[in-house]
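Encoded as C-alpha cells, here's the structure I'll be asking about.
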Amino acid sequence: MPTDNKRIAGPEDSISYRLFKETSNESVLSKINNLKNNIRSDGRKTNEQRKIFLKCGVVSQAKGSAYFEVDNTKLIVSVYDPREIPKKTDYSLKGELFCIFKYAPFSCPNRRGHQQDAEEKQHSAIMKRALESAVCRHEFPNFQVDVYVLVLENDGSALSGAITAAGIALAQAGIPMYDTITSATLAIQGSTKLLDPTLEEEALCTIATHKSDTETGYDSHGIIVLAILSTHEQISEFYQLGNLNLDTLNESISILMNATKEIVPLVEKCLVDYVNKTFKANGQS
Amino acid sequence: MAKQFKSLHPTKFYRDYLNQDIRPDGRLVSKFRPVIINIGSIATADGSALVRIGKTTVICGIKAELCPPKPEKPNEGFLICNVELPPLCSSKFRPGPPSDLAQITTRFVADLILNSGCINLKDLCIVKEKLVWCLYADIICLDHDGCIIDACLLVLLTALKTVRLPVVQYDAAIDKKTIDASVKKCLNIYNTPVSTTYAMFEDKIITDPTTEEEEISSGLLTVVVKDKELCSIHKPGGSPLSEEKLYECINETVNHADLLITLINTAVSECNDDNKNC
Amino acid sequence: MEVESNVNLSMREVNCKLGMFTRPDGSVFISQGETAVIVGIYGPIEVKPHKILINKASVETHYCPKSGMPGIADKLCESILHNVCEAALASALYPRSSIVIIIQEMQNCGGIIPCAINACCLALLNAGTDMKFLFASASCGLDDEGNFHLDPDDLFLETAAASFIFVFDSIGKGLIASHTSGSFNLAQYQSALELCKKAAEGIFDFYKSTIKKDLKDKI
C-alpha cells in the first residue's frame, strides 16, 4: 500500500474496539424475523419516515448549501459556481455536474479512510445521474458545477438524503433546474418493506434468507433508492441492490413515489424561508 | 457601489474602513467574533464537538481503536489528529490530496498537542507492550472563513474532553479482549491550550481575521497560550513586526484565553451532567 | 562567529560557498555545524499560466528533504521559507514572472530551518534579485534549568524544554518570523528574542564579509 505522506498516518494494525463488544443474545436471524413481522426497533410503522430537518445556506463560502438531518443521519452539501471543465479539450454542449460523496472518517460505526472508497465513488456516480436530469445543463455549456456531500453521521438512507439536500443546494445556488428533486430509500426483506431504513435495517435487508425452513429458494431482499422530479412524476434515478421479484418492484415504486412526494413541501418551505430571510435582510440594510 | 469598489480595489477598500477604526463586517479592529461550541453531536464517534468562530465552522470526531504499541514506546498510546480542508468548505480547495494549508495546519496542531503536554499518551496504555488505545481525531472544516488554526485547536480540545472510553479486559495468554461498554472513563486533560490569530495590514493589527482579511493582509501571527504560559508564538513570515506590537497581541490573547476556556468548560460540564442523569 | 565569550552563547561554525553551480542564477552551500543545505535560485523566469500574477512575481519555494518525498513536517518548513522570502523580495519589480527557490537538505543535525533561511538570503544575494531588506535567522533552546543555548543541535533539542526560531530583517530589526516548540513564559520568550537578535546581527556581518570576499575573488 502506498504511504500517504500528506497526512499523519496511524499504526497499521489498529482495530475498532466495537468488534470485541459482548453482543446481545438476540441473534441476527431473530432480528430478521422481527422485521418480517413488521416490528421496527424504533417503533415506527413500516411506511413511516423519520422526521426531516432541512436548512439551506449553511456554508457561507459556498454559492449554495444545505444541511439535512433525519434522526442520526446528518449530512451537509455545498455547491459552487460553475467553472470551466478542467483538462477538457473538446467542447461539450451540455454542462456537467461533478459530485463527490464522502463519509466523514467518524461517521460510521467503523472508521472510514480519508480517501474515497469504492462505495463512495459509486454513490457519487449515482448522485451525478440523479441530479443531471434535474438541471438545465444546456444553460452552461462546457462548464461544470461542483456538488460536494459530506456525511457527518450515517444512520441509514444517507444517499437519498444527499440527493434531496443537493437539490436544495443547487436551487439556492441559482443553478437553473426543471423541478425540485426528492429522493427516498426503501429496504426490503421478504414481504416487508421498510421506508427510510436505519443503518441496522439496511444491513439486515441485504442478508439473503430462505423463504421458509422447507424451501431452498431465497426470499426477496434488498435496498431501493429512488429519485423523482415530482411535478411530472418523472423518475430520474432508480438504484437497486439485492434480489427482488417483479411484483414487489411495482409495489415498492408506488410506496417510494408517495414518500418522495411527502418531502416536496418540506423542500419548498425550506427554499421559501430562505428567500424571505434574504429579502428581509436586504430590506433592512 | 461598495461591492464593485471592493472587488476592484480590495486593499484600498479595507484601508478606508480601517482608517475609521472599523471593519467591513462592523467589528472594531480588536474585536473577536462570537464563538459557539456544541458537543457530542456525533453518536458514532467516541467524542465529538463542533465549533463556530463567526462563520468558520469545524467539526471534530474522535474514534478510538485498539492496537499494539510501538516497540520503542511500549507504554504509550497514540493520538493521531488530522485536519481536513475539503473542497466543501471553500472554493479555494480542490478535490484530491490535502492542500498545502491542510498539511501545515495538521502538522501545527499535532505539534501543539505534543508540546503542550495536554494529554499524556501513557494514559492510553491498557496492557504494557501488548495493547494500547489509538485515538483518531479527525478535524473537518465545514466553512472556511479565517482563523482555521484557532478553530481546530478549540474543537480538538473540546472533543478530547468529551471522549469516553470503555473498560477493556485483556487476557494476554490467549490474546482475548473483552469490552465492557457499560462503564466509560473520561480522558485526563492536563491543560487547555487555546490560540488566537492576528493579521497584519499595513501598520495595523487586525484581531480574529476573516478569510478576506487574511488574504489582503501582509502576514499572520498565531499566539497559543495555556494556563498563563505561552505555548507557541507562530509567525510564518510576512511583513516585519515590532516587538511592542507583538507583546500587545500576546497580552490580548492571554485575556481572551480565559473566556475561551470558560466556554469549553461550560460546554463540557453540561455534557457531564447529562451523562449522570442518564 | 563568536557572539559572546560564554560557551553556551556561541553559534556553531558557519561555512558557505557561493555560486558553486552554473545553471541556477544564484546558488549557495551553507553549513552550520553538522547541518548543511544547498539553495538554488532561478529567476525571474517564465511563469506557468495558472500561477501568473499581473502585479508581481510569483514566488515558488520547493523544500526537498534528504531522502524520500516531502512530508507534512517539510511542508511547514517550506511555508515558513516561502513566506519569509516572499516578504523580502521586491516582487513588484518582476510582474508576470516567477522566482523559484529550491532548497535541498543535505544533513539535518538540528536547526535546519534557520540554516535554510540564511542560505536563502545568501542565494538571493548571489542571484542579484532585488530585495526590500535582507533577513537572518537564529535559533535558541531552553533547557530544564532555564539556561539558554544559542543555535542548539539535535542532541540538545531532544531534551530541551523549549526551542525558538526567529527571523529578523536587516533594516528595522523587526521580527519577520517566529516559530517555537515546547512551553515557556513571556520573560523567557523575551530573553530568547533578545539573544537571537544579537546572533542575527552576527549573521548580517557574516553576509557582508562573504559577499565582500566573493566580489574580491571575482575581480
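The letters A, B and C name the chains in turn, as written, and every chain counts its residues from 1.
Throughout what follows, a residue touches a chain if its C-beta (ideal position, glycine included) is under 8 Å from a C-beta of that chain, and two chains touch if they have at least 3 such contacts.
The shown structure was predicted, so the numbers you read here are calculated from the model rather than taken from an experiment.
The set of chains in contact with chain A as well as chain B comprises C. Of all the chains shown, the one with its CA centroid nearest the global CA centroid is B. By number of C-beta pairs in contact, B-C leads over the other of B-C and A-C. Taking each chain's centre as the mean of its C-alpha atoms, chain B lies 29 Å from chain C. Per-chain Cα centroids separate chain A from chain C by 51 Å. Multi-chain contact residues of chain A (touching two or more other chains): 6-8. Each of residues 103, 106-107 in chain B touches at least two other chains.
Residue positions 72 of chain C are each in touch with at least two other chains. Taken in their complex, chain C has these residues touching chain B: 72-73, 75-76, 78-87, 133, 167-169, 172, 174-186, 189-190, 193. Across the interface of their complex, chain A is touched by residues 68-72 of chain C.
Partner chain C is touched in their complex by these residues of chain B: 100, 103-104, 106-108, 111, 115-117, 218-219, 221, 226, 228-243, 246-247, 250. On the side of chain B, the complex with chain A involves touching residues 41-45, 48, 55, 57, 59, 61-68, 70, 78, 80-82, 84, 86-91, 95, 97-98, 102-103, 106-107, 110, 134, 136, 138, 140, 142-145, 166, 168, 177-181, 211. Put simply, chain A touches chain C in their complex at residues 5-8.
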